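After this come two complexes, each holding chain A, first together with chain B and then together with chain C.
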Partner chain A sequence: MSAPVQTPALEVRDLVVSYRTGRGPLSAVDGVSFAIRPGETLGLVGESGCGKSSLAKAIVQLVEPTSGALKVEGHDITGLNARERRALRPKVQMVFQDPMGALDPRQRAGTILETPLKLNGVRGKAERRARVASLMEAVGLRPEFIDRLPHEFSGGQRQRIGIARALALDPAVIVCDEPVSALDVSLQAQVLNLLRKVQRETSVAYLFISHDLSVVEHIADRVAIMYLGRIVELAPRETLWRAPLHPYTRALIEALPRMDPGVSRIADKTIVGGDLPSPFAPPKGCRFHTRCPIAVARCAIDAPALSDAGDGHLVACHLASGAVPAPNASAALQPA
Partner chain B sequence: MTRPALLDVKDLTVRFRTPAGRLTAVDRLSFNIAAGETLAIVGESGCGKSVTAMALLRLLRSPPAEISGSHVRFEGTDLLALSERAMRDVRGNRIAMIFQDPLSALNPVRTVADQIIESLKRHTSLRGPALHRRAVELLDLVRIPEPHRRADDYPHHFSGGMRQRVMIAIAIAANPRLLIADEPTTALDVTVQAQILKLIVSLQKEFGMSLLLISHDLGVVAETADRVLVMYAGRKVEERPVADLFARPLHPYTRALMRARPTPGLRRALLDEIPGIVPSLADLPPGCAFAPRCAHADETCARLQPVLEGVGGGGSVACLHLDRLAGEKPRAPVLEGVPA
Partner chain C sequence: MSLDATDILPRAAAASAPAAPKPRRAVRTSSFGYRFLRSRTALAGSIGLALVAGAALFAGQIFPGDPLDMVARPFMWPLTSAEYPLGTDMLGRDILVGLVYAARVSLAVGLAAAGLAVALGVVFGALSGYFGGWVDQVLTRITEVFQTMPPLVFVVVVVAILTPSVSSIVLGIAVTSWPQVARLVRAEALRLRDAEFVQAARVMGMGHFRIILTHILPNAISPVVVAGSILVASAILTEAALSFLGLGDPNLISWGSMIGSGREVLRTAWYMTALPGLAISLTVMALNLLGNGLNDVLNPRVSLT
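On to the complex of A and B.
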């Protein structure tokens, strides 16, 4: 039984984002490819400087990719003129880490939610008002909150407004950039549950970016691990957690604090050493080899390609047994 | 208590005078820490955990802060009764503190060696070239690679994790008996966070220090602490040995916090939300502060403030329904099996 081929909500192919800086050129994203199908959540995990924010900015067109393709519902959004781009822009939305910084402090909730509708040709005021009301209901905000200013909301409520705004124009994809990192645990749960409910109702795809593997492991269908500009492993959530193949993924899982003092105490753990190398001068070969506990001579010379280890599990490591270079890498990148 | 307490805090109360009225940030908090022991205070924003740490060291400006209490006894001396001058000999010397953001705690225009030497001069009898030698030794002790070369660098030359190592070097320079670490790894990347926690714990053992760890992260607490104190809205709601707390949390707030957190290896479609938000400290309900959000609360909880009751193992819990909660089986999520 084969499902009909579905156009991915978002497809990223060989994406490169480089910056010219005072300290020389910086390749923040260095050849990243993946696809997300409608209604799916791809988690993207990485530490500072891994390029996850640059990737997010490129997808929502806040920075121009240096090369590569970005397709939204099959339409390539790179190399478009301003008008064509504007037409596709509503399809990709973003939810930010700091909801206070992402909301205009002088705009009332109703205005914040109405603005994208106005800018994108929803002409009737009554129609806009009705849409704002249904957005607020969808994210669990009471109708009387419509005239409140951002500072009159709690952090969790502000993030609800950010999510409602992202939903306003029926996007295909929402890039969620650390959407719960600034929130307390009790509010994190509310926002994570809301994101899941919204997805069930709208089939929007999420690219969910976080440094916190436990949050991603909860919400994502598949997870990509990024290190210094490259994806080192991509697998279904459960596979990644139970059978990680890349030494960096294993290091992240080992470093994760667990709520189980009977089996997990920091004093007994083996923690990967060293700092993240500077992204201005990434190590040659495998970029993780300077910190890798199992690196061999070859790792310092050859950069391993992202290879298929079976069942949609991709890994870029010379020492991951079972991984064979995919003859047609693009086929492997299609969502399962 | 088999070990004598190094720090013994009794009924510590911190109030702030604000335009919104007088609010109680810490309400009659009592706890102690034995020599070599790690106590973690855990809670969400505004629960009073950081204010507690600042109050112990008398780092809060008064006004607006008003600190009162029976005593804050450290090595037998009541810190609340000390003069400011005497307090300065305790601060950084017998009790040291590290913060969440090392960059704002370090002086940007002085080398890291200079900043360690400042602490050594103030708190030790070392003088002359021995000071620089000791500074390099301390950088080595906190595992900064090539400490000779790095000693004369400035804070901005270091990564976030390395800066936190420098802060730790300054903190342990005077060989303190108690280290207070306020969210020491919150701003750091996951692998670096684990490195720093491991470093703190190993230095604690090496120097025989006690550790007061302030954290919002139950995972970090579970990995590190001997005992855990859970705070909500300025009050202690539960205090237990770490193994007891995580095996069998008793207070409804502790349970709710644990279930709200995503737990890798446990498959749950939805997380258990804690409804509502933390109440304003200026406007606390008359009874249990958690009652408006608590699944177990009844009208008694809204009226009566629960007192702390002993629960065995040196633990205590403040909940009017403790008997019922202690009797029932913990509603632990079903394990799918966690990878080794």
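On to the complex of A and C.
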């Protein structure tokens, strides 16, 4: 933690998102904290139903967080009134999963890209036109595509429009909610490379959500693993990949297909059986203990805190060797 | 689109693919105009409707004079006189002139009532579907109150209270038919409000009413257009029924009032009832054809041959 102190582009602290449902309250996100530097990509990985999307929606203010703080470039969103919040809104933008669904089928590309500018005070028509043209160029779309309707584009091109739209307002953070999982593998790489290129040019921060570790490995600087509403491990990409500490992370990495079947066999893998427990009644203690291959008695009683195992590697597991509770929890949350 | 009952499985995509080498500005095969011209039902319906509308608009030019004037011997059968091709009624009024003038009243009532019903239904449906929650609860209950009333009886009551006139008839019909539009729009708004492009609009800071105007309504409008053309047809029928019952505007001639007065001599001169009846049937059929045709035209999954 020798890096100069820098205001994080996005800081999330003890964020809780719960819904009132017919079956009682549901905590989709239950006390999540992290911070992202400008120009950094934090990958967020978890299986479906773990609260990734709720976290994303809370960050872009599509759902109201139940408690906790959300700071964008140091400004806390949660305590603000509607008008102040609206002013901060352009700072956090989103790229959606389904590139077709995220574009209004009746609007032309030019209109789609012009709308955020119109809404946020770019008054001159010529100015907007110029900005739209530069946005399209930035994401590699030909200028004559400006009058096309979404269905006249390919999937990859649509996602480029989605990215251009998110960029239109010069955001500090873009939440990418599975931006490539609806695309062909060949297009995934293109879109990921585009996201990286954009990041180099604008030093925007990404929260990159995915259920696919190999995609996250490609783009993220640090990776957070989420399980049932909580972050169980957060580490720089290399560290997480080479030395995962949480049994859930290990299981996720081992579940990836390998190129060499001789080295890795199903029989050698720690298989995590069963399904995600019901989020209406999450297990007591460590939420993972019901499926954990190495759980001990303590795990069912005592919930492990996210603590520093050295070098900004945070893990929430009693059995992770080297993990000691950080003396100052907030210091541990700062990006390394 | 919610009107999938008439959805046909897409046939060969060739129908909508451009065949000829592309000119400089290629015709959009997906455009409304192109698809409309390819749809035989929509074309037939709109031609029929155009004829009726033309007759209504130019009635004064084609037949100057009052349609209620007695111009010839009464009880002249159709096709017996070159001067009065459709004959005369029991008071010696020219039936052809009557039919043409009556088209004015029928169409005006149909269009105005459908327009008012669509306006009311779109506002109620969009607000109720988009906002959900208690707004939806309240608006849906109000909609149901109007929907549970038997339409014709309710219109009769409204017209009887407000005295028979074109505007009271329009109001009565609109008030009883907007709930179906409201329910249609509500269903579309409910579907669209969770669409990712609506979420994207909210993320970029667009207000609710702007979202409704720029994203919800343009995407919900196709079934409303279809329902609207059917509504015009049913409003024309309702107006005819009212006039038949003697609750029409007494100063104006309409198809319903012609049927109503012809009823008394049905056994001796059935043509006095049959001719305006035929006019109603043809107009309503044209509107229904137009409605069904538009349903196909506006549904991009139906290929038109």
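The criterion applied here is as follows: the second predicted complex is superposed on the first by the 322 of 336 C-alpha atoms of A that agree within 3 Å, B and C clash if a C-alpha of one lies under 4 Å from a C-alpha of the other, contacts with A are read in each partner's own complex, and residues count from 1 in each chain.
As a working rule, a residue touches a chain if its C-beta (ideal position, glycine included) is under 8 Å from a C-beta of that chain, and two chains touch if they have at least 3 such contacts.
Everything numeric in this text was worked out from a predicted model, so none of it was measured.
Peer 1: Could you tell me if A:Thr115 is touching chain B, chain C, both of them or neither one (first, second, both, neither)?
Peer 2: Only chain C is touched by A:Thr115; chain B is not.
Peer 1: Is chain A touched at more residues by chain B or by chain C?
Peer 2: Tallying touched residues of chain A, the top partner is B.
Peer 1: Kindly classify A:Thr21 by the partners it touches after superposition: chain B alone (first), chain C alone (second), both, or neither?
Peer 2: neither
Peer 1: One more residue to check, A:Gln190. First (chain B), second (chain C), both or neither?
Peer 2: first
Peer 1: Tell me the contact category for A:Leu256 with respect to chain B and chain C: first, second, both or neither.
Peer 2: A:Leu256 sits against chain B, while chain C stays out of touch.
Peer 1: For A:Asn81 in the superposed arrangement: first (chain B), second (chain C), both or neither?
Peer 2: neither
Peer 1: For A:His211, decide between first (touching chain B), second (touching chain C), both and neither.
Peer 2: first
Peer 1: Enumerate the contact residues on chain A facing chain C in the complex.
Peer 2: Residues 60-62, 86, 89-90, 92-94, 96-98, 101-106, 115-116, 119-120, 149, 151, 162, 165, 168-169.
Peer 1: Could you list, by residue number, the parts of chain B that touch chain A in their complex?
Peer 2: For this pair, the touching residues of chain B are 44-45, 159-162, 189-195, 197-198, 201-202, 205, 216-220, 222-225, 242-243, 246-247, 256-258, 260-265, 268-274, 277-278, 338-339.
Peer 1: Considering only the defined contacts, which chain C positions touch chain A in the complex?
Peer 2: Per the touch definition, chain C meets chain A at residues 30, 195-197, 199-206, 214-215, 218-219.
Peer 1: For the complex, give me every residue of chain A touching chain B.
Peer 2: 47-48, 154, 156, 184-190, 192-193, 196, 211-215, 217-219, 241-243, 251-262, 264-267, 269, 271-273, 275-276
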